[in-house]
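In what follows, structures are represented as structure tokens.
Each of the next two complexes has chain A plus one more chain, namely chain B in the first and chain C in the second.
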Partner chain A sequence: MTGTATAPAATAVPLTGPSSGQRHRRRVRSYWRFYLALSPFYVLFAVFGLYPMLSTIVLAFQRWDGLGARRFTGLENFRFLIEDPTFWLALTNTVVLFLMSTVPTLVIALVLAVMLQSAVRFTSVYRIGYFIPNVTSLVAMAIFFGSVFSTNFGLVNAMLRSLGIPEQDWLGQPWGIKIAISTMIVWQWVGYNTLIYLAGLQAIPRDQYEAAKVDGAGTVRTFFSITLPQLRPVILFTVVISTIGGLQTFTEPQVMVGNSGGTGQSGMTVVLFFYRAAFLDNDYGYAAAIALSIFALVLLFTAINWRIFRGRGEDR
Partner chain B sequence: MTRYRLRGVALHVALVGALLVFMFPFAWTIIMASNSTADIYRFPPKFSFGSQFDDNVRHVLANVAFFQSMLNTAVVAVSTTLLVLFFDSLAAFTFAKFRFPGRNALFVVLLATMLLPAQLAAVPQFQTMALLGWVGSLKALIVPGAANAFGIFWMRQYFQNSIHDELVEAATLDGCGFLRTYWHVALPSARPALAFLGIFTFVASWNDYMWPLIVLTNPDHLTLQVALSTLNRSHGVDYSMVMTGALMAMVPLVIVFGIFARQFIKGSTEGAIRG
Partner chain C sequence: MELSRRTLLAGGFAAVLGGTVVGCSSGMDAGSTTKKNAATELTLWCWPGGLGKSVLDDTVAYFPDPKIKYSEVGGDFKQKLITTFNGGTSIPDITGIKGEDIASMLPQAERFVDLRTVGADAILGDYVEWKVKQATTLDGKVIGLPIDIGPTALYYREDVFTKGGLPGDPAAVAEQLKTWDDLFAAGVELKKSNPKALIVWDATDLYDIVVGQGTERYVSKDNTFIGDQDHIRKAWDTVVKAMTLKIDGKTASGSPDWNAGLDQGTVPAHVGAAWVALDIKSAVKSSVGEWRLAPTPGGPANFGGSFLTITKNAADPAKAFEVIKYMLTPDNQAKAFADAQIFPATPSAYDKPQLKVADPFFGGQVPIEIFGPAAEAIPVAYEAPSDVAVAQPFKDELKTVQSGAKTSDAAWSAAVSKAKSIAKRQGVQ
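Right after this comes the complex of A and B.
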């Protein structure tokens, strides 16, 4: 059976033996050990997770610069947010960047995975080489891709110039910024997704392919009638991972075009927008409202993904 | 037969092509780091290694506290990894092999926390750090990340599948207490899972950027990523130096990844297809 690990298996753990009275009492007395063993996570979460999150909710209805008194302002922050064109721009940028990077990433990854599956030799070299971009420092690579798309000496412009095409001010114009950022995301994530797809491909039973061969199906038809449908849960997993990552895009634009988001604020994502409001403008109440809206966004996308998973479960 | 072989050759040509694309940024970074900035600005671009690497390294060291930053990053990454390995595996073992009141509710809470984006806590967390006097200190990076939901979830799956209940029971009957069962039975059998969680945590911690950027306020006391970003912002025109810094910041991680690559890749991919 194939499925994904994003939803936990809701199975009861088979537990040790029958409980005679004595052992039962012993177990009751030893409960405290279990709670103690679990406590580090829950204590840390309470202090550095739950408490700040509840404060964020309160803060979203206040005005505060971090120094003076907090002032309760009702829904003012949210009203400003809805009327703030930068917020909508950041939202659009985030979604556009997500699409510009995720679609090519997943398509290229699928093609590479199918090719890698039919390769017999050097497979571990390919696997390790393809994966390395995923563990490389985002800051270092954002600097690198910034240089590749640089106007004065970038490789991309050097290539255009030698082909006789006019050079572009990539990082100085809105679409150039988006192309530079999504190129970097594609480079970083193709290998990871390739290996996920490869694992998924290898889990498809051989006999299905044999049956298709007997029926006279060609390579292309086999791909669309067997490989793709069998791979669907894995593809959805990669979409979920890409969605979560895509909504959090921050380092790439922040390093490449700076805190302003670059020309036309084309690199302004929702998380960069949040970072600016909170830690550059010290507009904490407003930042809290932005954080809540990012959370709502995550919930919305998770709900959409969840629905797709459920839909898949029913037609199985 | 020849047609079959031809297809095989074409396949590897395509796969090697992709490999070159993935490796190209590293090669180009090395080329830029070994040439002078004047060479980089030339057209057509210089595609060979230069001899300026030593000079560039000296410039990096003169402009940022590189070794201090690397030491800070190593301290944060190593201590976070050790704490996560211990706390997560202990909690996971408890969830996987014992029954106690509230277990399911606690686990649901744990899963729910994975949905919460970091921004939701960031502002008040900064205030908490200010209250504790941890702003600018590495503690602000290590302590909040010392245990996490993902690792507990991951290790629990592993313990459920790899350790038989009979084994735990036998250890208990032999008079092994809870902690000793964890140490002598659970941990040794969980090595592959621990290896993955360890390298995953190390890489994530080494590359972490946003929270260190917020909370490390002393310019002489940064992590590598923040130092690198500072170098880029203040000396952006001196590209060969900035690329040298980028290269120096990447090397330790690539080495660590090289050592554990197999386990890391196996762990990263099997989560996706396991039912």
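Right after this comes the complex of A and C.
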């Protein structure tokens, strides 16, 4: 933005020419209105985004109980983090939950999008219907899903019973907790991704499909040879967004199985672990170190995804 | 030189970074100077439902000068209080502190007025001793006056008990279920005739209550880790026994299964604080009048109960103390109980008419006859600031025993080693 605003200005300023520093200053002064107009975002971002982020980095090297004096402790927080079995458990849980929720979400969303595109009637009704879960209160939904998966009086077990399958203690078993949490994430995010894919599908030129038809390609062949490659940038976008969201799973396990993460701490995600360190154990320095590890994790996964989904595109 | 995006960003970054460092260093010594609040009004913070409405209105009317400005602070109360303390402005004169947070506030005693310096000695005897101890620092400062307490009792379904061949009358239940072993034996008996009725609602929930019956917790007064000793292991074994006898319902209180089970009879009993009555009453429909109260097997424990404190920022600490003293007299505590079931921390309130009311929900039983004696018999136990953090691994590991993933011994040694490393981190020897 700034670049495009200043570029034409540079040619318009008469080159009276003394030092470049003076010219620089004058340019800033004469275009102050532009900077002023741009500033609200940057000021707000600096105060509410950048400052807390930088404080977190500083805090990660300190001991702080939230109220007393801060004490600089160097790398102690990180050393403890590496030795803490709960941290590694939380990390594993987060990645497993991410895979258990993101992969089904995106696959289902893609199938739904293709189906929705060929649907003739009530398309808006379907689109709204699929999107509604995404704008529903997360806490309310977590309570609802907790009931659906509850052992004695839950909907899922009632269904199992009627099918003659023995009921399961969903929220009392490590794997059951993971299934319940990822089901909820899938339910919430399928609609959102469907809409994104649908927009992507509509941007694919029709004549490509017609050409494929002329060449004798069937529905499946068309999907894999035209639809998927054309959708690659859209898929990359959804994968990156899902990665950022999925690695920060917090509300679902916190409401469904509590701050402890449930049986075997199976619902203990890294963000829940962070929350526990900061707001229950009053160990803010340690929490900051955990927060930085989440940042590193998201960065790593985004880079991997980027490689997988973009790299192949560039090779061709 | 062109004003490129890069130089602009770099400049902005440097400016903010500089600001951060300055901000942090000035934040570090904020604790040493305390700014007094203006004397024009007296600010009071509490959470929704923390104080009885009529008592509050009456107190506000009773102290017109300076006017009391009450703020109801919802959400995470402790977090908001801590944030305000760090901000350094708009700190309330008087603030509530929840029972579970008081231990972690004691190291910050210099932010609060020692109530003994403003005349609390004369009235501290009115309150149950163990509760006052929770707000007392190791060097004897008292930073809070108790609002309420949460003595525990055994809640049970009279109809389910009698049908299962157990005594139904509260006196007979009290007589037969004196210890946890008695309760578990009764649970085994009940399960024989009614396999769905499990007497322990959730064994891991029970653990905190069993620990609360003791006089020692995880960290001793001289700041050493004692969580690996007999008193904790005994509480652990008690809970594990409920699991191995298969009388553990595995339905955590407040969960959908617990709510539904109260009516259905699959949760025929619960051990909880006085305020749990509100949860049970709001969860059940068909079992109204079937519930009864008996003393907690193995002796009473406490769950919850809050304090009013005066911050060092208070314009007039003596005046602020007059306010909290008035608000928390035995008379007003009885009123708050009638208002909102806020259980009095002053034993003399237990004789007031408001507390002597029979409760049709409990089949006409008078709850105070169970909770009153319990309140006075709760043991004094030292709760270290690190208590919550150190206790967590024990609860986490008990869940693995409950699900059958680990044996009791394996889970115990994992819990002890995790708790030790957390304790060490928290500065415990």
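Rule of thumb we're sticking to: the second predicted complex is superposed on the first by the 276 of 316 C-alpha atoms of A that agree within 3 Å, B and C clash if a C-alpha of one lies under 4 Å from a C-alpha of the other, contacts with A are read in each partner's own complex, and residues count from 1 in each chain.
Operating definition for what follows: a residue touches a chain if its C-beta (ideal position, glycine included) is under 8 Å from a C-beta of that chain, and two chains touch if they have at least 3 such contacts.
Here the structure is a predicted model, which is why all the values come from computation and not from measurement.
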item	value
Clash or fit (per the criteria above) of chain B with chain C on chain A	clash
Chain B versus chain C as contact partner of A:Ser55, first or second or both or neither	both
Contacts of A:Thr302 with chain B and chain C, given as first, second, both or neither	first
Which of chain B and chain C A:Ser147 touches, first, second, both or neither	both
Which of chain B and chain C A:Gln208 touches, first, second, both or neither	neither
Touching partner for A:Thr73 - first (chain B), second (chain C), both, neither	neither
Contacts of A:Gln265 with chain B and chain C, given as first, second, both or neither	second
Which of chain B and chain C A:Phe279 touches, first, second, both or neither	both
Contact breadth on chain A, by residue count: chain C or chain B	B
Where chain B runs into chain C (options 145-153, 217-225 or 253-261)	217-225
Overlapping contact positions on chain A, where the chain C interface meets the chain B interface	2-3, 42, 51, 55, 66, 146-147, 152-153, 258, 279
Contact footprint of chain B on chain A as seen in their complex	1-5, 8-9, 13-17, 30-31, 33-35, 37-38, 40-42, 44-45, 47-49, 51-53, 55-56, 59, 66, 112, 115-116, 118-119, 121-122, 124-133, 135-141, 143-148, 152-153, 155, 158, 161-162, 187, 190-192, 195-196, 198-200, 203, 234, 237-238, 247-248, 250-251, 254-255, 258, 271, 274-275, 278-279, 284, 287-288, 290-292, 294-295, 298-299, 302
Residues on chain B engaged by chain A in the complex (per definition of touch)	11-12, 14-15, 18-19, 21-23, 25-26, 28-29, 32, 40-45, 87-88, 90-91, 93-101, 103, 106-107, 109-111, 113, 115-128, 143-144, 146-149, 152-153, 157, 160, 165-166, 168-169, 172, 178-179, 182, 203, 206-207, 209-210, 214, 224-225, 228-229, 232-233, 239, 242-243, 246-247, 249-250, 253-254, 257-258, 261-262, 264-265, 268-275
Chain C contact footprint on chain A (complex, rising order)	2-3, 6, 10, 20-21, 24, 27-28, 42, 46, 50-51, 54-55, 58, 65-70, 80, 83-86, 146-147, 150-154, 169, 171-174, 258, 260-265, 276, 279-283, 286
Residues of chain C touching chain A in the complex	1-5, 8, 12, 16-17, 19-21, 23-24, 27-29, 31, 76, 79, 82, 85-86, 104, 107-108, 111, 250-252, 255-257, 260-261, 264, 266, 385, 388-389, 392, 395-396, 399-400, 402-403, 405, 418, 421-422, 425-426
